[in-house]
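Look at the two complexes coming up: chain A is in both, with chain B in one and chain C in the other.
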Partner chain A sequence: MRADRVRLLAGMALALWLVLPLVPLAIWSVAHGWRFPDLLPVAWSFKAWSHAFSASSGVLHGLGQSMLIASVATALAILVGVPAGRALGLYRFRGKQLVLLLLVAPVLVPPIAIAPGLHGVFLQLGLTGGVPGVILAHLIPVIPYMTLVMAAVFGRFDTSHEAQARSLGARPWQVFAHVTLPAILPGLLTGALFAFLVSWSQYLLTLVIGGGRVQTLPLVLYGFATSGRNDLTGAIAILYILPGALVLALTARFLTGRAPGLAP
Partner chain B sequence: MMLELRGLTKTYPGHDRRTVEGLSLTVPQGSLTALLGPSGAGKSTVMQMIAGLQAPDAGDIRLGGKSILDVPPERRGVVLVFQNAPLFPHLTLAQNVGFGLRMRGLSAPVVAAEVAAMLERVQLAGLGNRRPHELSGGQVQRGALARALVLKPDLLLLDEPLSNLDAGLRDEMRALIMTLQRETGVTTVVVTHDQAEAVVLADRIALLLDGRLAQVAAPREIFARPATLAVARFFGGVNFLAGRVTGGAFDCALGRLPLPRGVADRGVADRGVADRPGTLTIRPEAVRLGQGDGALSARVIGTTFLGTQTRVELSVSGQRLEALLAPEAASALIPGQLLDVTLPTEALWLIPEDQKHG
Partner chain C sequence: MLRLLAPLMLFTFAAEAETAADKALKSMTWDAIVAEARGGEVNWFMWGGADNINQYVSDHIAGILKRDYDITLNRVPITDAADIVNLVLTEKEAGIDAKGAVDLIWINGENFRSMKQADLAFCGYTDLLPNDALVNWENPAVANDFGVPVDECEVPWNTVQFAFAHDSAVTPEPPRDMASLLDWIKANPGRFTYPAPPDFTGSAFLRHVFIHAAGGPDSLIGPFDQTRFDEVATKTWAILNEIEPFLWREGQTYPNTIAQLNELFANGEVAFSFNYDPSQFGLAVQAGTWPESTRSFGLTDGTIGNTNYTLIPFNSPNKAAAMVVQNLLLSGDAQLEKAKTEVWGAAPAIEISRTSPEVKAGFAAIVGHPSVVSAQDLAKAALPELQADWLTAIEAGWKASVGN
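Entry: the complex of A and B
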């Protein structure tokens, strides 16, 4: 009983820690005049929300751009990360440590340190100012996450199942679809979720490579936040958090093997 | 179908020694052959090459008279059941057994009917909806066997099918394999490192030592007539007497022992001389105590009770010999005791000198 209660309290504390900062944002988004030291706004309004959803604010466009870029980056990361992770997880080869080091490098090196140089390279290649260039830039931090997750997944993978399936009459693509994929799916979803969110929360690389012409949601959000529109900032921030929370809720079952919630 | 291996050779990259070297072996149609050898002898590699999961460096694999080297594993008509062939964990038992049939594109009702019939045969009827982790070790092994047999393969390869089972389950599984093999008549090769298992299970034993085929024979034959010293040792041979063959008898430390007809001629065809060195061997269970024709005087060194038998160590003219006796026959023996032993002529076997190290 006691342990249960402690666990429940700890869980609630953690939940509050994560949720509390969102509360003022949520209030801001529906406030019409909210000044210190008032505990609550003097009046309520959905003006910020209706403006956020109007075409002129650019929020919906930003949402679409973010969705497109993060989805394509994730798909490309899966295409690269699954075979690369397999090679890293299953085989010993010359230079493996170096490959691992290079993979971790983008995670260790702050984007701000590489952004100027990257911009120069992309400029020469004519990749600045467009969505393809931004996707390519996002892949720099996204692919390592995906690959490292898949390397861990394949590190625990037993290839004898694949050989057994082959001997039972499965063609190579059937082996992948019926044996390999089901085995790596939970890890693949974890990796994809990470990949999506890394791209989704990317600000600097989008700004530098997109040159302001690719307006993803964080760029739109930052624009409003710096111009003092607290109500719109609150609304966009909520929109910005939503996909991640949604994907997490949908995949939690795969990731942990149980439904979301505090109770087991 | 008849399986023929011809000069099969395989070296893994980065290894100096060949894993399998020039292996030639014929497995007759419908036989249950054991591929026996200590771990690291290359048995599993041979199986994977037959199944098409590894490519040999040299040699040919023929099934039913046709080379299958260029046939991909899924179309060879060969099914290999892996040693660590637990069922696919994400599928139920029935889905596991139906896996190969589904991969062939058979319709769901056909698969279901075949699977149900097969589960019945391996005594797993009614467990089809269970997941592998809800099955016992024995049930998993039977499921793996069913998953292979349901495909009606031309050749069935079983890699250590009994190694993960407890003693009781092992006997049960061995009996099931023998029964199903007899009923289906499927040509079967079983890999094992356990000579006792091979002797009980198989009608032919192919002994693989250091990647080479040491001998192929029926279990009784390989026990009584080992081709080389290594074969004799692998099957528990302990009594080896060095000497020379002259005129149908063997001269050694124990004196002149007459050899059975046929045995004395072993190796003569190769050498063409009647006087040549060789090693005489006799199974420890063939050594008799007591007086008889050509009895030798022996001293007891010690006895070890082994459960069903007692091992008696003897010294005969300074030569160490071991005898395996029924425990009651050996119960009165004490170290230092002098007694008579007989080496029955028909139990003597000769290993020619040039095959000592084969």
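Entry: the complex of A and C
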């Protein structure tokens, strides 16, 4: 009973700590004039929202671009990250430490250090100024997250289950669909969530490789934030948070480890 | 030795950089250029921080371009034109000479100088634009961009003149010249600050103090002069160090951007903000960011004015269409539309006297925003912009002697 109470209070404190910073954003988005020392805005207005949803603001276009790029980058990261994570998690091989180091390198080196060089390479390959190039650039920080999560998942994976399935006559795809996938699903979703959010929040790589032509939501948001338009920034920031929150809500059930077959 | 050779090398490159296609374009008639532009796509990289300016470009200008010329205008919002200068430079280094990503840039000052020096601008075509006749190229403030001759490398879009904003409900009687502003700062501790250079606006404020210390702009016009600079700089740093303890947060720290100063002003922490484009004051009041009682003023000893431009990079793949956009932006109707208070309130870059009677009447009918000091009032005391070398020297000197 007591422990439950503590847990409840801790949960509420955590929720408050996460939600409170968002409250001013929400208020700003409907404020017309909110200056110190006023506790609340002097007037309310939906101007910021109607501008955010108008075609000329580029917000909806940016939302669409961000969605497309983050989804494709996540899908590609899964294709690369699952086999690579399996190899890193299950097998010992010569140079494994080096591979791990190379994998983590893009996460350790700040993007601002690699962006100019990367821009030159992408220019020569004709990959700048378009969505495909931006997706490819996003994969640089996205793949390490995906692969490292999958390596940890496969590190605790028992291949004898797969062997049993095979000995019972299952075909390779059946083994994957009925044995491997259910076992790695929580980890896979965690990795995919990270991958999605890492791509979703890219600013510099998008700006440099997209050359300004690919306007994802962070670029649109930054433009208004740096010019001091708190009302528009508030509205766009809320739109910016939504997809991540939505993905998190949809996958939370799996992330807690209550995967099918393991649930009590 | 290399430094001496550099301008010479740039010159030879300039001669080579002109492609056959560029030459052919420049020899066309305007009608042929308009025909060539049809179906084109123009990527215009411009500062995107003001929703009304964005709307003017994306709705009004882009609408006319599509309807009358079948040109698609993509407004690409950016935060700093210097990024785009670097982008074009990287393209040049990578050998991309005809298929660049940028067709048009909103630009002036140091960024223009960089583009011109590195041969990144498409030049020598502006007299082809029919509306170029509306521009008074005899005016040195139009023919020179921060002291750098324009040389048909860019087309003027707006003229601006520096002004200060105050809240008339809080500071009903603001100081009207630099000397009394400096006295006011010392009499009202913590109520004034300015953004640290290289912020564009903070740097412009410094130049006003610099000109004040020099006793006027006359001895600072023309190319950079180290002896003269040292003389004036010593006085300038003395003034700025003297007021520093009376600034916001005792001058321990300075805002980094004009947006931060605007926010301090909005919240009443400081009594003044300032801007190179006074129409921004009206936009801030309309957006509800600043109080309705905001008013603005120039200094009786003058404030600096300049012109901002649009420029076509050397490697734009849509030069004809970009020229049509520039011509439309210069037209009397387009200049009138953006001069309207509710649209933007931007002062025109053309001579109103050369426009049609309808446009003239339109300009005469504009009622200015009460928070925006009129361009005519400001123009009564105008200072020229210093050349870019002065500007960089002042910024570097401030960092070493004041902002440390």
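Here is the rule we go by: the second predicted complex is superposed on the first by the 247 of 264 C-alpha atoms of A that agree within 3 Å, B and C clash if a C-alpha of one lies under 4 Å from a C-alpha of the other, contacts with A are read in each partner's own complex, and residues count from 1 in each chain.
Please note the rule applied: a residue touches a chain if its C-beta (ideal position, glycine included) is under 8 Å from a C-beta of that chain, and two chains touch if they have at least 3 such contacts.
Note that the structure is a prediction, hence the values are computed from the model and not measured.
Peer 1: With everything superposed onto chain A, say whether chain B and chain C fit together or clash.
Peer 2: On the shared chain A, the partners fit.
Peer 1: Per the overlay, which chain contacts more chain A residues, chain B or chain C?
Peer 2: On the superposition, C touches more of the residues of chain A.
Peer 1: With the two complexes superposed on chain A, say which partner A:Pro83 touches: chain B (first), chain C (second), both, or neither.
Peer 2: A:Pro83 sits against neither chain B nor chain C.
Peer 1: May I ask you to decide whether A:Ser56 touches chain B, chain C, both, or neither, giving the answer as first, second, both or neither?
Peer 2: second
Peer 1: Rounding to a multiple of 10°, what is the angle at chain A's Cα centre between the Cα centres of chain B and chain C in the superposition?
Peer 2: Between the chain B and chain C centres, as viewed from chain A, the angle is 160 degrees.
Peer 1: Looking at the overlay, what does A:Val220 touch: chain B (first), chain C (second), both, or neither?
Peer 2: Second partner only, chain C.
Peer 1: Could you tell me if A:Gly64 is touching chain B, chain C, both of them or neither one (first, second, both, neither)?
Peer 2: In the superposition, A:Gly64 contacts neither chain B nor chain C.
Peer 1: Enter the shortest inter-chain Cα distance between chain B and chain C once the structures share a common frame, rounded to whole Å.
Peer 2: Across the overlay, chain B reaches chain C at a minimum of 49 Å between C-alpha atoms.
Peer 1: Taking the complex as given, what residues does chain B use to touch chain A?
Peer 2: Per the stated touch rule, the residues are 48, 51-53, 72-75, 78-82, 84-85, 88-90, 99-100, 103-104, 147-148, 151.
Peer 1: Within their complex, state which residues of chain A touch chain C.
Peer 2: Touching chain C: residues 31-36, 41-43, 45, 51, 55-58, 116, 119-120, 123-124, 128-129, 207, 211-213, 215, 219-220, 222-224, 226-232 of chain A.
Peer 1: For a test of understanding, state which residues of chain C touch chain A in their complex under the given definition.
Peer 2: Against chain A, the touching part of chain C is residues 43, 45, 47-51, 54-55, 58-59, 74-79, 83-84, 87, 90-91, 93-94, 96, 101-102, 257, 259-260, 262-263, 266-269, 287-289, 291.
Peer 1: Can you list the residues on chain A that touch chain B in the complex?
Peer 2: 158, 160-161, 163-171, 174, 178-179, 182-183
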